[in-house]
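Order of writing sets the labels: A, B, C, D and E. Residues in every chain begin at 1.
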Amino acid sequence: MPLVSIKDVHKSFGKLEVLRGVSLDVKKGEVVCIIGPSGSGKSTLIRCINGLNDIQKGSILVEGQEVNDPKLDKLALRKKVGIVFQQYNLFPHKTALENVMMAPVKVLKEPRREVEERARALIAKVRLSGKEDVYPGHLSGGQQQRVAIARSLAMRPDVMLFDEVTAALDPETVKEVLLTIKELAAEGMTCILVTHEMGFAREVADHVYFTDRGVIVEHGPPEELFTKAKDERTQRFLSQIF
Amino acid sequence: MPLVSIKDVHKSFGKLEVLRGVSLDVKKGEVVCIIGPSGSGKSTLIRCINGLNDIQKGSILVEGQEVNDPKLDKLALRKKVGIVFQQYNLFPHKTALENVMMAPVKVLKEPRREVEERARALIAKVRLSGKEDVYPGHLSGGQQQRVAIARSLAMRPDVMLFDEVTAALDPETVKEVLLTIKELAAEGMTCILVTHEMGFAREVADHVYFTDRGVIVEHGPPEELFTKAKDERTQRFLSQIF
Amino acid sequence: MKAPVKAFRIDVEAVSSFLPSRALRGWHGILLLALLLTSLAIATAHAQSGGGTGPQSPLATLIEWIPFILRGFLLNLGMSFLAMAIATVLGIGLGLLQLSRTRFLSVPAWLVTHLFRNSPWLVILFVVMLLVPFELQLPGGGTFVMSDWLKATFAFSLPVMANLSEIVRGAIVSIPKGQWESAESLAFTHGQTLRWIILPQCVKRAIPPWMNWYALLAMATPMASILGVREAVGNAQAAMEAAGARPELLVPFYLFLLLLFFAYIYPISIWTRMIERKYAVES
Amino acid sequence: MFELIAPIFQRLADETGWNFIIFYDRYEYDRFVTGISISLQLILWSILLSLVIGVLGAWVQTARSALLRGIVDGYIQLFRNTPPLIQLLFFYFGLGAFTPQVDMGGYYEPMISSFTWAVLSLGIFGGAFNVEIFRSGIEAVPKATAEAAESLCFSSWQTYAYVTLPLAFRISLPALTNNLVSLAKTTSLAYVISVPEMTYTLNQVWSDNINVPEMMVVLFLFYVVVVSLIAAGLHVLEKRLALPGYGR
Amino acid sequence: APAKADGGKLEEILDRGTLRVGVLGAFKPWSFPSPDGSQQGIEVDLAQSVADTLGVKLEPVVVTSANRMQFLQQGKIDAIIGGMYDTAERRQVIGIIEPAYWTSGPTLMAKEGAVASWDDIKGKPVCAKQGANYNKQVQQDYGPRLVAFAGNTEGKAALRAGKCVAWLYDDASIMADLASGEWDGYTMPVSVLYNNPWASAVPIEELDKPWGVFMTGMAYKWQADGKLVELEKKWEVKPSDWIAEQHKRLEWDESYLQGQ
């Protein structure tokens, strides 16, 4: 059974149809990249997976549970699915460590001591040891983004969603963040990534999906898609990128 | 007698010496361009000529009158010397026509009817007929700059100062403004221009001055200066520009 | 002229390096004005005592009654503290209700906020003083006696509550939407997000206007004297009556009251401005 | 008008006990109308005075003389940081005793009536806020715009009057709206020096006729309407004066 | 708390050991503050005499004309001795004690020669006290421009400053002012209108119970044994004919004892 299973999802904002029948499966431990032109609905799709947006038609199953079931316990879903946005949105009134600890302590009511230990380990893992007590305002964009990743991981999700997490960063710090994600993927975390970094997608992805105007135009393993794209739109998009 | 005669002018802002002995003469009907690297004191020099900045040493004569004489009637001086800035600084709460009419009506107390006639003629001259009742906020940069020129001309100055009037404009609109100035020069208006548009300087100037670090390094007719600069600094500056 | 970019940078630095000297100037101001006022009070008192036929100079009368007036001022302070506490609690609640997604709650909250924001304090004071009963029947069976000063306190808290409600609403709305979203994606409930993420961030923004409203509130408390509450102004007037209602008492007594309030409010204003600047520089 | 509404309110009073006496008793009606008119005049003149003070004060604050600026600063701090109620009492009773009066045989027709004192006191109080509002408006006007006027031979006063102030005024309008609305509300304090404005008048009515709740409703309505009108008027002005092409 | 059904107010006061009497705050010389903040004056002395008679402590509670009746109804105070007119409406809500202890009515205080009769104030500014129950009557009968202030102090200050031609207020208070020596050059040029007694009061349900009867006795004694005459002297109030007359009328003629 795939960990995430998306079937014929339709989603509109008012009259604007943003997703027009998207289907996609992600197995445990797999890393999936979604690429496509701006406005093609990538962010919307990813936000639907953890229930930030609701859908009009189709189904999204996470570990076999329907996300859009009104009876679903959203809390349980969000514990399973972590998400990191382009805008890192750290809580500016809390230190890096507190940002990471907050959800497990306040939401899951886990014991403080235990959470702190885990949080420190996570901060070390994103290579930010020493920055525990620094406020987000004093961290660089890349550092903030890595804290945001650690913050999501602290909930011990089964799958991580990344929405153009490096788009707002300067080239310098992009690398650090990508490295962190790469290690995560290597450790076996299931990841769904929206990204414009084609080189990175090629390197880490098990499977790449190309979306345009609300549908998945083409998908396949990275070498195949990047070098032997069949669809003309995919080819045009890729040629512009490189 | 030269219309504007500058002799050994020194000017400091606090400890910063910006002009360190500048001398320069402008005859009636002459068009003079001042070029030089950023921070070399071009704007400061031009502002000294119409008394917006005072000087510490030297003399500036306009039609034989010492600008820095404390007894001098600044109003009389400024009637003779018009200035147009890089930031066009139109009055945003007045229409184009009102901008042009304001100073003659309010300051010179000239009859409204007469001023309006002249103002309309000036607006036509800067090729903005039809825009009389438009507010600056609805004009393009180049159009605004031309209104600013008309506004200065409405005071019937003997000499016009232009301080990088095209620097804030997009290439599109630069041309229109330069054209206006060219026509003005052709009609015999005495002009002192600070500009980075070397082609333009070459075309309209009777004489070009190159300033660097508060002194005039070199000057002469444009063909001479632009093609056969003697000073090494001038050469370097010109080579960078083209 | 300075280049615009440079000018901007210089300004920001100037503000931050300016703070201590600004504060100093503030204290100078207090000293100067306090001196000015006392000397004025003394001068008028003296000038008039020369020709007066009264048994006691106005100044001596004032000094005799100062403890009485100060005791009244304690009530002003007490009322202002209590009213601010009430206003803060109610104001936060009302501000949150204004943002409630159910119109049943948000519309009345909006109405209450705007009614009390747009009515004069004095009118609100009259309404509460004359229409609220002297005794409140508590649900437990007991009664709670609303003395005049308590009612006045409650009356003063209402306009402040309404304004704080707007401040709270504004502060919450100004928090970027991303904060809500990331909290939501971390499984925070709406209430938890408000409590742990949003409100703490609002506090900083809301502190300067909150202090500002406290100052306005403290300056409104003398209105209670109109309805017989014996605070500083009421006591000063009673003292003048007791001292024979001599007209030469008016200037020194009222000057003293002005000075009294100034000495209390001005430092608060200065402090507020300092905090405001500090936050402006930080963000 | 009175003839028209009197029977309705008379019936209302007879049948429900809702005693809006100001609408059916001639004497009270006249009091009420006078109250409205005095209140509106008080608001109007206080606002005008506060605006004049604001403009002049802000201009002085751009002056070179440190003494002048210090005086204006002292004025602002003094009036912003003391209760307007005490200011009113001080002006009326304190200073009122020293101002010239015309002997009318036994009493003096004061040159400055309690109404005038209220206007003066409230105008000066509101002016202290306006100075600061206009000053920050002036600071927000680009220096270069004023400089352009200077280079067109405007004197410093002309620059202030024709360029800086009109622009500063527009920038200040939102803050000004707040302050003027709050000043209009503060005029109810003139009650304490017996200016027969709305609060005072209705207070007399309800003590004479024991109809507190009804008069309170009228009082509330009056201020809500006045305040909304002022705010709406200023919003229209704001729209009308909005600099074309410079979106906020 | 409401009085206990059995013993009534009097017992309650004795149990409590303190007597709470409502007095006005700034009404010289009847009740006004001393610099230490405590109340003093004629009415405070009267209240003290009640407390002394009961052997309890006096606790004067400052009330205003607007709230004194509610205070009494709610039991916040046991009695009012606070410059309160005896009127028919008031008798419906509180227990007015007979006999009254003072009498007064509205009159004018003005500069000598400024006003000769009530008709002279027509159209002229007259200072008054906000909430005085005769304001409207005077206004309608004599047509002055009333300028009403929240406090006596301000009203009288306005008169002094020449802001009005006269001060409309209770004659008892005006006489006290004139007697104080602070108002040289001022007089009380007109007669008193609508003369009215000032009465003390107890809760209406107590009027015929021990507490009301006791207060009636006190009120009788103040007149009969000369307490009020004595207080007039102590507080330098111009002796009132009414009090002298009442004293003469109620003083028990003990001459019959002499023959025994």
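Here, a residue touches a chain if its C-beta (ideal position, glycine included) is under 8 Å from a C-beta of that chain, and two chains touch if they have at least 3 such contacts.
These numbers come from a predicted model, not from an experiment.
The chains that touch chain A as well as chain D are C. Graph distance from chain C to chain E, where chains that touch are one step apart, equals 1.
With every chain reduced to the mean of its CA atoms, the largest distance from chain D is reached by A.
No other pair of chains shares as many C-beta contacts as C-D.
With centres computed from CA atoms alone, C is the chain lying nearest the middle of all the protein shown. Greatest centre-to-centre distance from chain C is found for B, with centres as Cα means.
As a whole-number value, the distance joining the C-alpha centres of chain C and chain D reads 21 Å.
A straight line joining the Cα centres of chain A and chain E is 83 Å long.
In whole angstrom, the spacing between the mean C-alpha positions of chain A and chain B is 57.
Here the CA centre of chain D is 40 Å from the CA centre of chain E. Across the assembly, chain B contributes no residue in contact with two or more other chains.
For chain C, residues that reach two or more other chains under the stated contact definition are 1, 130, 225-226, 247, 250. For chain D, residues touching at least two other chains, in rising order: 89, 93, 97, 144, 147, 191-192, 203.
Listed by chain label, the pairs that touch are A-C, B-D, C-D, C-E, D-E. Within the complex formed with chain B, the chain D residues making contact are 142, 144-145, 147-155, 158, 162-163, 166-167, 170, 241, 243-246. Listing the residues of chain C that touch chain A in their complex gives 176, 178-179, 181-189, 192, 196-197, 200-201, 204, 282. Residue ranges of chain C in contact with chain D, taken from their complex: 1, 29, 32-33, 115, 118-123, 126-127, 130-131, 215, 219-223, 225-226, 233, 247, 250-251, 254-255, 257-258, 261-262, 265-266, 269. Interface residues of chain D facing chain C in the complex, by the touch rule stated above, are 73-74, 77-78, 80-87, 89-90, 93-95, 97, 143-144, 147, 181, 185-189, 191-192, 199, 203, 206, 212-213, 216, 219-220, 223-224, 227-228. The touching residues of chain C, when paired with chain E in their complex, are 53-54, 64-65, 67-68, 71, 130, 134-135, 143, 145, 148, 225-228, 230, 234-235, 237-242, 244-247, 250.
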